[in-house]
Amino acid sequence: MNFLLTEQPINPTALREKMLSPQAGAYCSYEGWVRDHNEGKEVAELHYSSYTQLAPSIADQILTEAKEKFNVTAAIVHRTGPLRVGDIAVWVGVTAHHRGDTFLACRYIIDNVKFRLPIWKKEIYTDNSEAWIENNHCGCADPANLQIHHKHEC
Amino acid sequence: MNFLLTEQPINPTALREKMLSPQAGAYCSYEGWVRDHNEGKEVAELHYSSYTQLAPSIADQILTEAKEKFNVTAAIVHRTGPLRVGDIAVWVGVTAHHRGDTFLACRYIIDNVKFRLPIWKKEIYTDNSEAWIENNHCGCADPANLQIHHKHEC
Amino acid sequence: MQIKVLYFAQLADLAGRTEEQIEVSERSAESLYADLRTAYNFPHDFKQLQVAINHELSAHETPLEEGDEIAFLPPMTGG
Amino acid sequence: MQIKVLYFAQLADLAGRTEEQIEVSERSAESLYADLRTAYNFPHDFKQLQVAINHELSAHETPLEEGDEIAFLPPMTGG
């Protein structure tokens, strides 16, 4: 299964190399980076915690759905533990014969990772206050909705 | 301007590093790879030729459109000359605050690169025959159509 | 009936622990959560949480069994 | 009137060159292309091609000027 939770820094160059295939004509990747601000507050650090015994089976479901819908090869790596500004929180890589499938699948996967993978983010601000992020989905209650591209997402 | 035509191999690791920014929370990249087959024929080599005095202004237009539509930072690198199976023909990198914009912009850019950038591809097959690719757009005659995601593209 | 409860994220912070054994008399996850919510001041309504039993997502009304490991999962915020 | 014609891709292969100077009597790009098509057996209709004059995309009916560099561009196939 092409899923990894890791406390180590994510290496996109190494992950990309694992995706190489002479049959693939298109490669789309997505990375979520830790920003220096969120909703007006200066972010010093994020802390991701996960339910490690549950996450792999959920990731596997998401990857299987993407393969069935879009006929792609795909992988997900999510970091946990403390992250600093500029760190990669999540990486998704997708290959396919043609580009359209890679974009749709990559978007499908990251949307569902954010909505369904049992991982939670605490923001620690430069003033030392901290907060668990309540919801990063703008009220999208149903994963089926995630196939639609939201104009204004969080 | 974030556009380059090059006869040298494309280095996605170096290009990605130029996109890093503490304000960006999302990074989407696309790569077109030379496949070992196309429409049932075994491909040995591709040869891309370009109109080098025209391509930069067209690329600049595409990037400007993407920035205006999606509020992203973006770059395009396209290789020319002879390419072998597995080589990167084109690279597009996009960053933004949020992921939705990066996906839409990256897709917009690569679709328009294929349709509007003055570059042409000759396929050389393993039986030594060769052919200029006639059209890789499935009859999409109008660049405006490219904002719609085609289910069955070439 | 002994149940093991796993806490994650905000719930772990509020409970001050990541797991504990609890003796329950009812087999209802909702009733168990109501007790925990009172004890630890959890902010979520039961229906806002997903329920995992023995490391699998489960329906809210699944009856608890002796020795189950249950987790109440706040809305996920990875990525 | 002297015009420089630039050839790309299939048109360069068929013309056996990437550019040439041509003496034209009419100022019409369509008429110039018709002559070149006959000479080199180009497969495209004029309307299938984009026209670039002095390295800028131009309308098909733009009148030619002495010294212009013109290119007839087949459908692009990069990426």
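Quick notes on this structure:
Order as written gives the chain letters A, B, C and D; numbering starts at 1 within each chain.
The rule we apply is simple: a residue touches a chain if its C-beta (ideal position, glycine included) is under 8 Å from a C-beta of that chain, and two chains touch if they have at least 3 such contacts.
Keep in mind it's a predicted model, so treat the numbers as computed, not measured.
Discounting chain A, connectivity by touch gives the groups B, D | C. Distance from the chain A centre to the chain D centre is 49 Å, each centre being the mean of its Cα atoms. Centre-to-centre separation of chain B and chain D, using mean CA positions: 25 Å.
Rounded to a whole number, the gap between the C-alpha centres of chain C and chain D is 73 angstrom. The multi-chain contact residues of chain C, meaning those touching 2 or more other chains, are 79. In chain B, the positions touching at least two other chains are 32, 99, 110. Taken together, the chains touch in the following pairs: A-B, A-C, B-D.
By the touch criterion given at the top, residues 6, 8-10, 12-13, 52, 55-57, 71, 73-79 of chain D touch chain B in their complex. Taken together, the chain A residues at the contact with chain C in this complex read 32, 48-51, 53-54, 57-58, 78, 89-90, 110, 113-122, 132-137. Against chain B, in their complex, chain A makes its touches with residues 12-13, 16, 20, 22-37, 85-86, 97-100, 102-104, 106-107, 110, 149-151, 153-154.
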